[in-house]
């Protein structure tokens, strides 16, 4: 291959003006025998490309995935939203009647409840995280309010020991408190 | 229909996903886990596929994100060491132990150079040099603008050129 | 974002079919068509699935101990205020045997958490929060819960979501 051609092509490559097929050309060249001395420093780059392009997953990976997919159970999605209708009300009504009759017939008389499941647990995870974060922040807010209150009391610089020792026979010196 | 799409379009890309994950976490088992996780999660979301414009690019982005997250959360430090498997795999065309040493040297040089690239440059470099994607595909797969892709690739290649041509310490005659 | 299948039968089924937790009763008694709310119910089945899907052992144990998580949320200013009043009414009427765990009445937010111990392994917690006078959140959690398990659950669930990453693309600055 013409030495000058390669130099030109390589310059195009540095300038990001080569097509993928031209880049393959360079790669093949640099993996071959006749690399001129002044370009030998670039061999690692093209060898790297070649190596990496042939990396692949361990055999049987796709099969593993297919198996896992077959396993995944199908859950029914029921989301209960008090209406802002997107589906024609009549359709929803019929579906609802159908489902409600179905559920009514399944009710356990002693403890009637509505069961619903989602399609995937990730959405539920987000909702659960929201719920617990809200609860935990509520606790934090109340904690910080308590702390603020105690800080305010602290600022009052009350004479606690003094107040403790108040008794009729030995009146403690009463300090004036600036509020 | 989604079943078919998954098997026809997404699964065949598994190796590309794997290579991208591997370039980030630099560990084979981890990279495979990442691909598996993303594929299964994607499958579980199949009722949402209609809302995703470009499913393949979405997958690449997910792989990238998960791999970067794992890198942070698992604190895998592999920047200095190279997976032994990868090293040993490429000794197919060596003829002598000396050749092996030379190749090992070359490999370590290139890994060092790549480490000097920025994160975006590394990712663009990976998708262009290894997967042969065009700018548009890379921009969608990484979630960055095409302009940024071009600039990153330009800088990455320029850096490689600079670093490689300055490596005076090896005996090029043996190559 | 998700397509929601709207079911009106909530209003068709009589109240006896609902569970006796706060959120279910609230929906049954007070929620009106003209004032729509978001309702999320995570029951035992879903909790079991979540246990399978998470990796952290501690999180698994904590989730196993829950019976349900139910929520009602509205971000409509008027509805929020209206339902907040109604929620308090419901507490006084049917849930007066609950203990007030905390009650914060600040300028911006009003939060109340109520608690009842059914037995050693079964507690009910109700949260009613009005944020900025315009977002109402009602949460009912049942199971083995206490102050500590709640903060643990919050941290671990957040970690779980973070580590699964795929949903968080819009947060990426890379």
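Letters A, B and C mark the chains in the order given here, with residues in each chain numbered from 1 onward.
Just so we're on the same page, a contact is a pair of C-beta atoms (placed from the backbone, for glycine too) under 8 Å apart; a residue touches a chain by one contact, two chains touch by 3 or more.
A quick note: this is a predicted structure, and the numbers were derived from the prediction, not measured.
If you sketch which chains touch which, every chain touches every other chain without exception. More C-beta pairs in contact connect the chains of A-B than those of the other pair, out of A-B and B-C.
Rounded to whole angstrom, the centroid-to-centroid distance between chain A and chain C, based on C-alpha atoms, equals 20 Å.
Rounded to a whole number, the gap between the C-alpha centres of chain A and chain B is 22 angstrom.
For this pair, chain B with chain C, the centres built from the Cα atoms lie 42 Å apart. Taken residue by residue, chain A touches two or more other chains at 77, 122, whereas all remaining positions touch fewer. Touching two or more other chains at once are residues 2, 164 of chain C.
Of all residues in chain B, those touching 2 or more other chains are 41, listed in ascending order.
Contact residues on chain A toward chain B in their complex (touch as defined above): 13-16, 20, 23, 35, 37, 40-45, 47-49, 51-53, 55-58, 61-62, 64-66, 68-69, 72, 77, 119-120, 122. Taken together, the chain C residues at the contact with chain B in this complex read 1-2, 162-166, 168-169, 172, 174. Looking at the complex, you find that chain A touches chain C at residues 75, 77-87, 89, 92-93, 95-97, 99-100, 103-104, 107, 111-118, 121-136, 138-139, 141-142, 145. By the touch criterion given at the top, residues 6-7, 11, 14-15, 18-19, 22-23, 28, 32, 35-36, 39-41, 43-45, 47, 86, 89-90, 103, 106-107, 109-110, 113-114, 126, 129-130, 132, 134, 150, 153-154, 157-158, 160-161, 164-165, 167, 172-173, 175 of chain B touch chain A in their complex. By the touch criterion given at the top, residues 37-38, 41-42, 48, 51, 61-62, 64-66, 68-70, 73, 119-120, 143 of chain B touch chain C in their complex.
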